[in-house]
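For reference, the structures are reproduced in the following blocks.
Two complexes follow with chain A in common, the first pairing it with chain B and the second with chain C.
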Partner chain A sequence: MNTFKRTIQDIFQYPSAVVGASIILVLTILAVVIVIVFPYQKAVDLWRAGEDVWYRSPKNAQPEWVNFFRRQDLPETLFLSTLEGTAAKTIKPVTEDLTQVFISFPIDYNYDFFPQELSIYFKSQFKEKKPLVTLTWVTPNGEFQMANFSIRETGTYRVSQDEKLKRKLSGLPPQQALFVDLKAPVLSPVKGPYELRITGNLFEKDATLDAEMVLYGQVSGWAGTDHLRRDLGIALLWGLPVALSFGLIAALGTSITTMIIAAVGVWFSGWVDELIQRITEVNLVLPFLPILIMVGTFYSRSLWIILGVTIALSIFGAGIKGYRAIFLQIKESPYIEAARAYGAGNWRIIFRYLLPRIIPVLIPGLVTAIPGYVFLEASLAVLGLGDPVLPTWGKIINDASNNGALFQGQYYWILEPSVLLMLTGLAFALVGFALDRVFNPRLRGV
Partner chain B sequence: MAEKTLLHLEDLKLHFRTGKGAVRAVDGVTFDLGYQEAVVVLGESGCGKSSLAKAILRLLPRNVDAYSGKVYLEGQDVMPLSDEEFRYQVRWVRMSMVPQAAMNSLNPVLKVGDQVAEPMIVHSRMKKEDALAQAAKMFQNVGVPIDFLGRYAFELSGGMRQRVAIAMALVTLPRLIILDEPTSALDVLTQANIMNVLKRVKKELEISYILITHDIATSSELANRVVVMYAGLIVEDSDAMRFFQKPLHPYSQMLMASVPRLRGDKEPEFITGQPPSLYNLPPGCRFADRCPLRFDACDQDPLLVEIESRRVACWKYV
Partner chain C sequence: MAEANLSVPSGVSVEEIRKAKRGSSALVRVGKYMAVRVLLLAVTVVIGLYLTILIANMGGYVDEIRRGEIRETISQRTLTDPALKALEPDERVRRLEELIRLEEKRVGLDRPFAVRSFNFLAKALTLNLGRATYMSSDAGSRQVRLIILERLPATLLMTGSSSLINFFLTVGMGLSLSRRYGSWLDKFTIGLSPVSAIPAWFYSLFLILIFAAWLGWLPYGGMVSAPPPKEPVFYALSLLQHMILPLAAWTISGFFGTVYAYRTFFLIYSSEDYVEMAKAKGLTSKDIERRYVLRPTLPNIITTFAFLLIGSWTGAPIFETVFNWPGIGRITLSAVNLYETAVIVGTTVIFSYLLAITVFLLDFFYALVDPRVKIGGEGRNV
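For the complex of A and B:
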């Protein structure tokens, strides 16, 4: 324990290691918290859910914090619903067969940019006669009737797709034209209170009508959204435990098996060593990434299968050659001969005498190998071979590049996962280098 | 072979295979060792002393060319035993060894207590606590403070490490310990200390020693008997008293003459030349080339002849 404490103290003499270790600590705590608070199934379900879950968020919206850096704010999303009580609904029975419902969505619009879209989702219950709704748009300057139509049990009305409205608004896209003064020389949003009024005529006694209005802004959440309106935050958060566990398991799995195989080869020598060396050499010329791509294309893209294949391919990896060189030297130490003399068996010598000697070399290598595997997972995902179920950083980048994020200036989409990847890599690299200097002091001068 | 023989070697041979041919490191060694006897094996470097130890304990390197002869331990022929049987029944159970450079023979990543307990755990499948208790007892026997149990080898001085190595050989209470140069690389005071430890342990635990050394002066304290080896063969085998007073073989005489004396003007002498290389040995006495007393008979292999219960391989005494 004392030695352990001393090692830790040694490591923390390097400021870079302190930085790296703090980042790793924060990431690890975050990963644990995420997994506990936001269970796997929930994350997967949300990530794979469609428009019916995500209809409240805008498409391809930037994160909300971009407004902090802008002089003129981008509009945020406004969601009002009579079902959730965020909008007022009054019911006025007119006759026995006619009931009128008045729904009001007040909008306080104070942005210099136009919203993405204005959608209204209707929910209604009736037996035979469809309700008739009339939409009235109230601007700071006046009001006009946008549309009237009858609805079914559920219905969606998007202003951008209403051609009639478009013509009425002199051919401008309605989601923009609704917010401008058409007589003004410059078409920019008029700030002030707006209101969307819905008047519903229900022709049956027990009929109901509810409505939800979404004014889609251009920013959403702390991470922004993708082309399927999904909150990128989910994938960014869940990508963390996935990346860390993939990196750690792969690094641990490969280093430990490689170490044991190298020790076994060196200790038994003869044909065992020969066989291990030949397998390693064959394995080294096999192209690693193409094999993974083949597995991903033809067999399974499950993250855990890929993890298994990664470890399986790395068992006879380049590490064997390095470890073997060290083991050959250790094997000749007098204390190994002494151990053999007092009757220690082969496996006892391997596990108690050979392996512990290599740990100083192993640990820094292990730590620096972790980001390598994190990047590997990300590169596979970028190549389109990511896990089909799990949200990961690589898959965000893949989605982003498939949807031309950079052409459309949606930098946040690429940058967020990339920064997290780089941060993870950097943290482990910083700690790994410090560990290397502590465990192998002779390298310090080099 | 007498009842009171602990170890009986008969024509023991150990040859190594090298690029230049077979090295005859041990080339037919025959001798007996009684209970509680301490035999010192003397000889220059490269005489096959350490190989003899390896041959007795069957610690063979990979390039063995020939390994033959008979080894009786307490009357039992141990040569037919398989390697596994030998490992479990003989090595470290009935005879153990303090290896050459014992100071480096401790595992740097094990605490010395665990290290000493290792043979117990390996052989008797003892629980760790019991093995550690036994190790503590052995530490007392060889004069290592018990609180050293939790230390690592690099935290110990050379003398202490040597004691730990001896404790490790003692821990299974064997009948015979082979000590391969236990005091080389130690200062004179520590050497004397270690020798005292060995003497005391021998009496207390009723152990026999085979002490391999070229330090004649230090070993004379402990020895009951002296065996002189030259080029893989025993050239003289004598009780210690008479050997130190009057060695018989010319090689023994020259070895003794090379020991510096405290009193008297006599300069230490040295033996010119070097031991013959152990491959392609010509027939005849192997020491003949360096022997000042060489005569015609020396061209033939000398036999070990017995004179007054001492054995010597020299034509002079035939």
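For the complex of A and C:
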């Protein structure tokens, strides 16, 4: 216990180790909280959901906090719905068969930039005669009729796709033209109260009409969105437990098995040792990445299968030679001879006398190996071999580079997962380097 | 990535020394020792290659894919062939089967995979790399040899130059830091060494973001600008311009960790008793460094250097993908995606030969200079 205390004290002499350890602690707590609060299945379902779930958020929107750093704010997304009671709806029966529905979506637009898009989602119930809707756009300067059309049970109207409206607004993209004064010399958004009025004519007695309006802004959530309107926050959050567990399991699995195999080889020597050495050399010839890619292409891209193959291929890695050299020295120690003299069996000597001696060397190596595996997961994802189901950091980077994020200036898309990956990797590396200097007797005082 | 392989031992195990000890003269011992090594290395290469062939063919599954493809294309062809259309249905089916059989025989699919796999092995071992099925070189050749050779200069230029630059920079820096350890520069380097835990391709994302996307000073990737400049001088300049970011990424990722490793390595050797002794004798620090620090560390440094050089052969698949660099790493990737086994086996066989030859030469070199082998004494296994 005393040695343990001393070791901890030694480690805390390195400020970098303290920083690294605190980052790891925070990340671990966060990972546990995420897994508990935001269950796996829910995250996967949300991440794989389509437009019907994500229609309320804009495409490729930057995170909301970018507005703190800007003089002129980017527009946020406005969602109004008669189904959820955020928009007013009045129903006026005119005759036996005709009912009029008035829906009003007030918009207070105070931004210097244009919105991405304006969409209206209709929901209606009727038997035969389709309802007819008229859309009126009220600007601070006046009002005009945008469009009128009949709708089905569900319908979507996007202003950017209305060619008639575009012609009416002197050929400008409607989502922008709706917010400018067309007579003004400079086309910039006119700030002030706007309103979108929908008048619906229902030709049946029990027919209903509801509408939802989404004014897509250019920022969304704390993490922004990707090309499929998904909130990057989900993948950023869930990427954390995935990265930590992948790194930890791979590093633990590899180091411990490698250590045991090296010890067994050194202790039994002879053909066992030869065999282990030869397998290590054969493994050096095998192309590691192509094998992983082939496994991904032919069998399964599940992260856990890839993890298993990684461990299997790394067991007989370069590390075995390092451990072997240390075990060869330990094997000659007097206390091993003493153990043999009292009649300890082979396995007892290996597990009780050889292995514990190497733990001081093992721990720093293990911690330093974790970032390598965290980045391996990201590397595989960047090569397009990411887990098809799980949202991970590497997959965000892969999505971003596949969709030209760097070319289109969507830097947040690459930067967010990269910074998290870097933070995780650096934290483990900081602790690992300090541990190495504390535990490794040859480095002590150097 | 370019992590110094300092812990790689000379490959001289106690067992092998014992074996070597039994001989009479030093020459016979070294000769015997080398003969055993050659045999072991040959067995290693053969087994490693055969495993690669099995894996690259997915234990024969790739043959099934190819059979399916042949059937598909030939069925399509017979459907549109007017000469075959006129035949009776039975006759047509018979013709179809016959054509498929001939085509399978042409590409060698008529024999079972177990036989073919040994055939592949023999061909690979004799460096008869054969022809690719789907891939072709940019010049249009299907020769696997040409496909690989065409990409070799690009890979050597990138990985070779970056590992060479990094090697000499880090060894020099490590040596100079070990001389004045404790200085602010030393502390600075140690402080930055965890930066090397992050792979080079990852830094390249940031570098591309800053210097290509944001500032627009340097190209996003590729090897030369398009169209390639005609004048050799401008071609070289364009090449250099495209190499700045990859080299920078490689250096950021490799430099500090490797310098730290070398520095510690030299420090351990310069705290040996015989160095203290030399200091007590009053030798100049230059002499001490050359005779008592560099000389015993030379085997390890040479090993690292040799593995660095052959390591550049495989290229860097991810790095080359990020920078769109036409190297061997990228053909390996596309070969895997296309199930192009000939190319995968081709790159592996050349790598394994390079590895075996390097290990053999290193062993030979150590056997000559290492007194533990020459005299047959037992010593500390570093």
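Operating definition for what follows: the second predicted complex is superposed on the first by the 442 of 446 C-alpha atoms of A that agree within 3 Å, B and C clash if a C-alpha of one lies under 4 Å from a C-alpha of the other, contacts with A are read in each partner's own complex, and residues count from 1 in each chain.
As a working rule, a contact is a pair of C-beta atoms (placed from the backbone, for glycine too) under 8 Å apart; a residue touches a chain by one contact, two chains touch by 3 or more.
Here the structure is a predicted model, which is why all the values come from computation and not from measurement.
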Clash or fit, chain B versus chain C on superposed chain A: fit
Of chain B and chain C, the chain that contacts the larger number of chain A residues: C
Chain B versus chain C as contact partner of A:Arg352, first or second or both or neither: first
First, second, both or neither for A:Leu421, with chain B first and chain C second: second
Which superposed partner A:Gly343 touches (first chain B, second chain C, both, neither): first
Touched partner set for A:Phe407, first chain B, second chain C, both or neither: second
Minimum C-alpha separation between chain B and chain C after superposing on chain A, in Å: 5
Set of chain A residues, in rising order, touched by both chain B and chain C: 269
Of chain A, residues touching chain B in the complex: 269, 333-335, 337-345, 348, 352-353, 356-357
Residues of chain C touching chain A in the complex: 5, 7-9, 13-15, 40-41, 43-45, 47-49, 51-52, 55-56, 58, 61, 181, 190-191, 193-199, 201-202, 205-206, 208-209, 212-214, 220, 264, 267-268, 271, 314, 317-318, 321-322, 332-333, 335-337, 344, 347-348, 351-352, 355, 380-382
Partner chain C, residues of chain A touching it in the complex: 16, 20, 269, 273-274, 277-278, 281-287, 289-291, 293-294, 297-298, 318, 321-322, 325, 328-329, 368, 371-372, 375, 378-379, 382-383, 397, 401, 406-407, 409, 411, 414-415, 418, 421-422, 425-426, 428-430, 432-433, 442-443, 446
Touching residues (chain side chain B, partner chain A) in the complex: 57, 59, 62, 87-88, 91-93, 96-97, 99-102, 104-110, 118-119, 122-123, 165, 168-169
